[in-house]
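Structures are listed in the sections that come next.
Two complexes follow with chain A in common, the first pairing it with chain B and the second with chain C.
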Partner chain A sequence: MKRYDVLVVGAGPAGLSAAVEAARLGLRVAVYDENARPGGQLFKQIHKFFGSREHKAKIRGNKIGEELLQEAAAAGVEVMLNAAVIGVFAEKEVAVRVNEQILCRQADALIIATGASENMVNFPGWTLPGVLGAGAAQTMMNLHGVKPGERILLLGSGNVGLVVSYQLLQAGCAVVAVVDALPRIGGYGVHAAKIARCGVPFYTSHTIVRAEGVNQVTGAVIGELDKDRKIIPGSEKHLAVDTICLAVGLSPLSLLCALAGCAMEDNPAKSGYVPLVNRYGETSVAGIFAAGDVSGIEEASAAMIEGRIAGLAAAQRLGFLTQEDLDARVAVQERALASLRQGMFAPGSRGQTFTATTEGCPLSQNLLRQGYLTDTELSAYPGVVWAEGLHPIIECTQNIPCNPCRDACPKQCITVGATAGQITALPIFDAQKGCTGCGLCVAACSGQAIFLVDEEAGEITLPYEFLPLPQKGEQGLALGRSGQEICAAEVVDVKTAKVFDQTNLLTIRVPVQYARQARFFRRAP
Partner chain B sequence: MTRINEHPILGVYQKGEPVEFTFDGQPLRGRAGEPLALALKAAGVLIHRYTAKLRQPRGIFCAIGRCTDCVMIVDGRPNVRTCLTPLAAGMDVRTQYGRGEKQ
Partner chain C sequence: MMLERGDIGGYIPAPDDDLLVCRCEEISQGEIRRAIHDGLFTLTELRRFLRTGMGLCQGQTCGRLVKAIVAKELGVSPAELEPITARSPVRPVEMRVLARNQEQKNG
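And then the complex of A and B:
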């Protein structure tokens, strides 16, 4: 039987990070993944990630995947694809299905990093062709270049639903509605705002009543929910859609942990049934570790850190690292993890309602319900300073773990938190630092929440990631934060640069009185 | 237009060469190596099978091999998950009724 020092199940960010750490310390490591491609969720995520530099923030998910794979190859990790681990037995023996064959493998330490599976909801018509999971939509458009549909209803407004909606727009699909049963949008306000300004309407406190169609989806009916989550009679609304995309949450894919005999718990803060783990990610079975979404749904940034910790701990168990050395290295990782786990979207904040940021700024209720900030709410935030001349307006108004805007600015005009660890603080713009209007912050912002504004000239520079790219001199319409058409606009500049990493900077000119409102450009039909 | 010609972030997709295959005997075109389910979708085919008892249509749901909604009869073999099967020239793909026994 083939043996390894460490066998990792799952080649997502958690599994690859674990493998790299262990292999760098000289262990013989293999990663098995049932998929034909490594990288787990990462290769479907073509947006710039949140976090800070050490979490690879500002880099697009697919690029992070490539970096991890290169690190794994350089460290001598063996990555085995199309290899589903289907059983875990005593003595860390595992059964792997490769093509129709079952192989047995053994390791001294096992790291389970199987990620998550998508939750489902039932409604009349949910089995019709044209109803699909958000992950399926991403696989189609981002891996294979096939549109999931033309007119799409997105069910679920968590980060997954918001990110997938944006990706659908990038793929050239129309997102007809984002529907959520909860009274507020679940994901980051900046993710919601970037689709709202493209004209995507949000229906919070709404649910799908039925999918219509005989052989495939030809429409959908949604309805508004009352306080008892019952559909308000007469509130039903028909939507002409051909595709219904479900993004109603993820659950840890922890079956292998249970099979391995690990003590498990049902923990809503971790979004489901998870193995109990200690500080090192070790389960109740000595030498079996769990890392990433499998031990609680979070982000790739957290998954990579948990993976590193598990990889280091496995090395210590096998005698490749002293306990002292392990604890010193883990402490560094734990600090990074703690900085991510702050603020209103942290796992520990689930179920709580917030009305203000930690700085005491009132949270925009309109952003939570409709996905955009109103003009009057805007001035309450430290990133919004109406200065003279060209300067950024930072419409980032919730405590999210993110700070690439700070790192991007060569003039140190933007700060996020008093110390490096406070990455959930709101970005602050300092007009005294001499902003040059370079636009680097606009392109770096993972939430596409920064605009350069020159009120006197009526010019707004905005991030633009759609095709076809408008041309200088082109006439069109300016849209407000809600996606409403507000005035005519002319494109006066289009900047693309390698440092902008595929985010183009579009400068539009509008009548000066609209400079505070215009936030998107629509090409003339 | 179901295929994305050029993507603002991903650029032009790396695709296999154009190949022909048949769906219920009718010739269709796709790209070699892409998942069969997506070649069908790009060609406008959404129904992959009908359920055994209620004869309800099913199509792609998860696209990663977990739900089995997308199974079809491929080159005579029933219950093939088309979302995981790479398209090859000349494949004979058929709608599956029930568990794949003759209609």
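And then the complex of A and C:
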């Protein structure tokens, strides 16, 4: 039987990170993945990641995936694709199905990084073609270049629902509604604002009553929920859609852990049935580790760190690293993980309702319900300083772990938190530092929440990621934060640079009185 | 769980009982509810009796939905239910592949 030092199940962010760490220390590592392509979900995450530089913030997920694969290849990791692990047996023996064969492999340490699967909800018509998971829609668009539909209803306003909605818009689909049963939008406000200003309406406290159609979805009926989550009679609303995307959460794919005899728990805080792990990600079975979504649903950035920790711990177990070395290295990773797990969206904040930021700024209730900030709410935040001349307006209003804007500014005009580790503080703009209007912060902001505004000239520079790119001199309409048309606009500049990483900077000119409101450009039909 | 058949009362039809829950095996909410009231209180028993979650997707789609129905009928939280048994193969494998594998082992 072929043997490895470490066998990793799953070539996603956690699995690849684990493999790289272990292989770099000289271990013989193989990664098995049932998919035809490596990277897990990374290659369809075409948006810029949040976090800090150490978490690969402002880099797009697909790029992070490429980097991880290069690191794995350079470290000598063997990645086997179309290889489904179908069983784990005593002595860390693993059965892998490859084509028509079942191969048996053994390893001294096993790292299970099988990720998660999408949750579904059922309603009348849910089995019609046209109802699909948001992740599936993302696979169709971003991996296979296929539009999932033309007119989309998206159920679920967590970050997955919001990010997929935005990507559907990028693919040229119309997002007719984002519906959530909860009274507030679940994901980051900046993700919601990004689609609200394109004209996508949010229906919070709503649910799908039924999907309509005979051979495929031809429409949907939604209804408003009362406090007991019952549909309010007469609130039903018909929407003309051909596709319904479900973004209602993920469940850990942890069956292999249970099969391996790991102690398990059903923990709603971790989104389901997960193995119990210690600080190294080691399960109750010595030498079997779990990393990433399989041990609790979180962002890919957290999965990569958990993977690194498990890879290091596996190396220590096999004698490639002393306990002292391990603890020193893990401490670094734990600090990175702790800085990601801060703020109002952190795993530890689930179920809490916030009314103000840690700075004491009131949270925009409109952002939570409708997905956009109102003009009056805006001035309460430290990133919004109405100065003379060209300057950024940072519409970042929730404590989320993210600070690329700070690093992007060559003049240090933007600060995020008093210390480097404090990355959930709201960005503060200092007009005295001499902003040059370079726009690097606009392109760097993963939430696309920064705009350069010159009130006297009526010019707004906004991040723009749609194709085809508008041309200089083009006439169109300026949309407000809510997506409403507010005035005519002319494109006066379009900047594209490698450092912007495909976020183009579009400068539009509007009548001066609209400079504080105009936040998106709609091309003339 | 020390519940016995009859403890949760008899099956009362609900208006949405014809809603499909397990797509792969085409099992409705009503069939699941009826089976629970007939005394099948665990996910494993339901899998054996109705084949919920035994199809191509192996319960990846309906697992949570079935669990929620059982929990609701028994009046407990889904997290309190005994989890399904993990058994190899955890991914669907055609009999052909398994048989050939055995031949190779023997031969």
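Operating definition for what follows: the second predicted complex is superposed on the first by the 525 of 525 C-alpha atoms of A that agree within 3 Å, B and C clash if a C-alpha of one lies under 4 Å from a C-alpha of the other, contacts with A are read in each partner's own complex, and residues count from 1 in each chain.
Keep this in mind: a contact is a pair of C-beta atoms (placed from the backbone, for glycine too) under 8 Å apart; a residue touches a chain by one contact, two chains touch by 3 or more.
Just so you know, these numbers come straight off a predicted model, no measurement behind them.
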Message: Quick check for you: in the superposed arrangement, does A:L128 touch first (chain B), second (chain C), both or neither?
response: first
Message: One more residue to check, A:G172. First (chain B), second (chain C), both or neither?
response: first
Task: Please work out whether A:K147 is in contact with chain B alone, chain C alone, both, or neither, and reply first, second, both or neither.
output: first
- request: Tell me which partner A:Y514 touches in the superposition: chain B (first), chain C (second), both or neither.
  value: neither
Task: Figure out whether A:R60 sits in contact with chain B (first) or chain C (second), or with both, or with neither.
output: first
- prompt: Is A:S117 touching the first partner chain B, the second partner chain C, both, or neither of them?
  reply: both
Query: In the superposed arrangement, does A:A136 touch chain B (first), chain C (second), both or neither?
result: first
Query: Looking at the overlay, what does A:F500 touch: chain B (first), chain C (second), both, or neither?
result: neither
Message: According to the stated criteria, A:F354 is in contact with first (chain B), second (chain C), both, or neither; which is it?
response: neither
Task: List the residues of chain A that touch chain B in one complex and chain C in the other.
output: 34, 117, 127
- prompt: For the complex, which residues does chain C have touching chain A?
  reply: 16, 19-21, 23, 29, 60-65, 78-81, 83, 86-91, 93, 96-98, 100-101, 104
Field: chain B contact footprint on chain A (complex, rising order)
entry: 34-36, 46, 60, 117-118, 127-133, 135-136, 139-142, 144-147, 170-172, 215-216, 465-467, 469, 502
List of chain B residues in touch with chain A within their complex: 1-4, 6-10, 13, 15, 34-35, 38, 41-42, 46-48, 56-66, 69, 84
Message: With touch defined as at the start, can you tell me which chain A residues reach chain C in the complex?
response: 34, 84-89, 95, 97, 100-102, 117, 119-124, 126-127, 251, 253, 255-256, 258-259, 264, 266-268, 272-273
